[in-house]
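Both complexes shown next keep chain A, but they swap its partner, so chain B is in the first and chain C is in the second.
== the complex of A and B ==
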């Protein structure tokens, strides 16, 4: 039984480390929350004041990313699952590879393409487009999995009724797969929320309230990095922002789970 | 039956799919485009032999940072892999359902914490602990420990999925023969699941090599070939993040070239993981 005890100790160690991180984030961070923290502008290089413009920038960057990635991702997934006659392999391979590209490399790419070549500079648009590229692989794989999980009788039934494949997709398959697709998109947004390295040189550092999509906007993750590394005495504020980021990601993930569950229940009901 | 709308839909969707696939080529193409001025035998020779990294004096020795990257990643794997494998085995075979679900939830949470939060925690908790023992604290060791914590879930989640796919009759047979937990796990379950386990470890290696923020925040970022666990080191990804702000000309191109090298290395590892996952499982 000694062997089992060693395994259990290793598992406990991993969980303890996790608890340690979360405890510190909650202890140093959550205690600094207040309404003014969420609603005020940062002051004194972020050491005091709030995070309102940073939250707005974060959400704006994510909105750009999702608006671009969602239609492209769903279209690609539909093609892969329903229309690709044995020509899907190279696309899948490319997506698989893309999923592994480090985020700092996406940062270099986004900075060269969006900020410099397309002239968007340090902007919310540039950061959002960079994140859109990173979101595509997870978005496509969840959407494709959602479509593939639908019973093939539905496809045959549609064909027997003389439906075109495109109207079958539009009226039967996509609505049926909607919960998984939406949940997958929300999860991809959650992952993008954690992104830092890809945003430093695309959406930039500016911590003022953004006035347009072409303004630089500091995301929450970049805010934590800046407070921790570049602002002397910024650790307290960095922990406050870290707790906000962890809570935001938890809320996004819980939302994804509840979308999937609630929607799945509603679909089962008529049967 | 052939519908005109289907032909149109197929072509339209195909354009999106092609664009997605081309994105990979576009990423690599841009890295090459921006680094092309330093992709030559002479420049690569400089990367490998220049004494130190002093870009403003046009000395571009990348080797110390390449070594630091490899040592940090290997160290993190050495720490994380045994822990993660033990956790996966415990969760799959020994834990009660409640404990197993707590472990799964924990791994999910661990995987979801942003790297910049790990960096902050490492800088304010791990670094002072190490500094109390050996100054300055921001060190190879801090980077290894924080990175190990970040890649434990990658290895644990893929490994426990692979262990759960080991055919039940094999385990029942082993139990019927009176094998101990230890023999059953090390002799039957792990070898049978090796494909998924290797894939998880290789993916974790790719993640470790590409990780930027957490390592940047705790490693101290002094450019030197590491000679002890307590040395401050700078890895390639951190170098890009630190210097892109002001790099120009050959310096900027050198940063893109190091990004390109890193991307190709990670792509090779991803391909390897893909093959391990497909090939090496119980092909009885």
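== the complex of A and C ==
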């Protein structure tokens, strides 16, 4: 009885914490929303004006990160799950280690490798590539789990039809695991969207509209950090940007959920 | 309900109705197995099995669980290769050629020797895609030819009238019996010579089981079928030849192999007699 009540209270606390955060952000942030907030450039160091260039930079950085991380991550996961039993241990160890690296270290690493060594400077490209490195471990582990969860009957059935392993992966296993892969990608994108530390040293602070992939661009999370830490009187604007970030992550998740549902239905139920 | 096999009269590959009855008269052996042993991780599960599988006939493998019937079946199309630590000794010849000879491509072998599993395992794709994927794997891309082969295979298993209007519906939405017939169609579409069936009816309800059994009977003559079954009545109904496996000291052996009717009516070995009579096993 008491035990059940304690468990219930713990669960309620989690919900309460989330509700508090959302309510706080919405109360202070959403009141500042308007079309001009979404479409204007920031002015007065971000205290007023809008967030248009920051939204564009955020989406551009995410696009770079996903374009690089998705194919590399899915390919690695396929290799781990389907082609490398026995040889996978060192790669898994490396991925576990990578997953435990703090994001500020990723930022320094990205700055050293992409910005300095490869000469990309403070740019959307080096920020995106740094985020891609951070996204790989969760992307790979969810994709691998999704593939491993598929029934082995399909693998044996494919082999019994004389199908090669690669075509079984391409035509049967990857489509079947697609909902899980999409879920993993969304999770990774969600985390990347909220990333600040890794981007400060790589994509930089500049809050102008980026003109190319090699321009510096300020992401929403960096914008919030800057407004709340470096700009006196930027609190209201920080709340507004935070609400924009929450809405962005919500939109990404809803979009992915609908894709996933349609995919799963196509496999199981009649059209 | 239309009788299976009478649906697609103008389809060249559709099976005709083949009479069920006695053993074929002196058919040539298509598969010759000599002294076959299978071991997993050093533990022998099947030892010293020799028998001939006759062309166009149905050979039933009977015996209690764990006596190596499925291992025997898996060795015939080298599915044992997929099991880590599996070791196969002895010789299996398909049409005079050793299936483990270096010049034999295992994928081609499995296209010639198809396999049906206990649990229906259609891919999570549409009905049409399930049948097209193995054909495309062989390099067949012509849409007309693909459609033709799909229709022929579905007609062969009696599914065409049931699914012709929903070829693009998910295969996993079919009933268990329909799924198993789709799997048989998927194997037949590659035009194999031999079909290995590992208890194809045991996961199905009695009605669906009967439909699949009728289908297996109709494969006689056109295909060489090796079927594992725990249903002795079914083995008696459909098989031309029967092989009785038994476990001695935890190793599977072949006890008796002969034409089916003589084995069921006058078993030579006392173990066979005891098992068929329901006294052992």
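Everything that follows uses one rule, which is that the second predicted complex is superposed on the first by the 251 of 271 C-alpha atoms of A that agree within 3 Å, B and C clash if a C-alpha of one lies under 4 Å from a C-alpha of the other, contacts with A are read in each partner's own complex, and residues count from 1 in each chain.
Throughout what follows, contacts are C-beta pairs under 8 Å (C-beta built on N, C-alpha and C of every residue); 3 or more make two chains touch, one makes a residue touch a chain.
From a predicted model like this one, the values you see are computed outputs, not experimental measurements.
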Which superposed partner A:100 touches (first chain B, second chain C, both, neither): first
Partner chain(s) touched by A:32 [first = chain B, second = chain C, both, neither]: neither
Chain B versus chain C, judged by how many residues of chain A each one touches: B
Which of chain B and chain C A:45 touches, first, second, both or neither: neither
Which of chain B and chain C A:176 touches, first, second, both or neither: second
Partner chain(s) touched by A:157 [first = chain B, second = chain C, both, neither]: second
First (chain B), second (chain C), both or neither touched by A:214: neither
Which superposed partner A:167 touches (first chain B, second chain C, both, neither): both
Set of chain A residues, in rising order, touched by both chain B and chain C: 159, 162, 164, 167
Chain A partner contacts - residues on chain B that touch it in the complex: 1, 3, 5-6, 8-10, 12-14, 16-27, 30-31, 33-34, 82-84, 86-87, 89-91, 94-95, 102-103, 106-107, 109-110, 112-121, 123-125, 149, 152, 156, 180-182, 185, 203, 206, 209-213, 216-217, 237, 240-241, 244-245, 255-256, 259, 262-263, 266-267, 269-271, 274
Sites on chain C touched by chain A in the complex: 77, 79, 82, 84, 107-111, 114-115, 117, 119, 121-125, 129, 133-134, 136-138, 166, 168-170, 172-173, 183, 186-187, 190
Of all residues in chain A, those that touch chain B in their complex: 1, 3-4, 6-8, 10-11, 13-15, 17-18, 20-22, 24-25, 28, 71-73, 75-76, 78-80, 83-84, 90-91, 94-109, 111-113, 133, 136, 140, 159, 162, 164-167, 169, 190, 193-197, 200-201, 221-222, 224-225, 228-229, 235, 238-239, 242, 245-246, 249-250, 253
Contacting residues of chain A [partner chain C, same complex]: 85, 151, 153-164, 167, 171-172, 175-176, 266-271
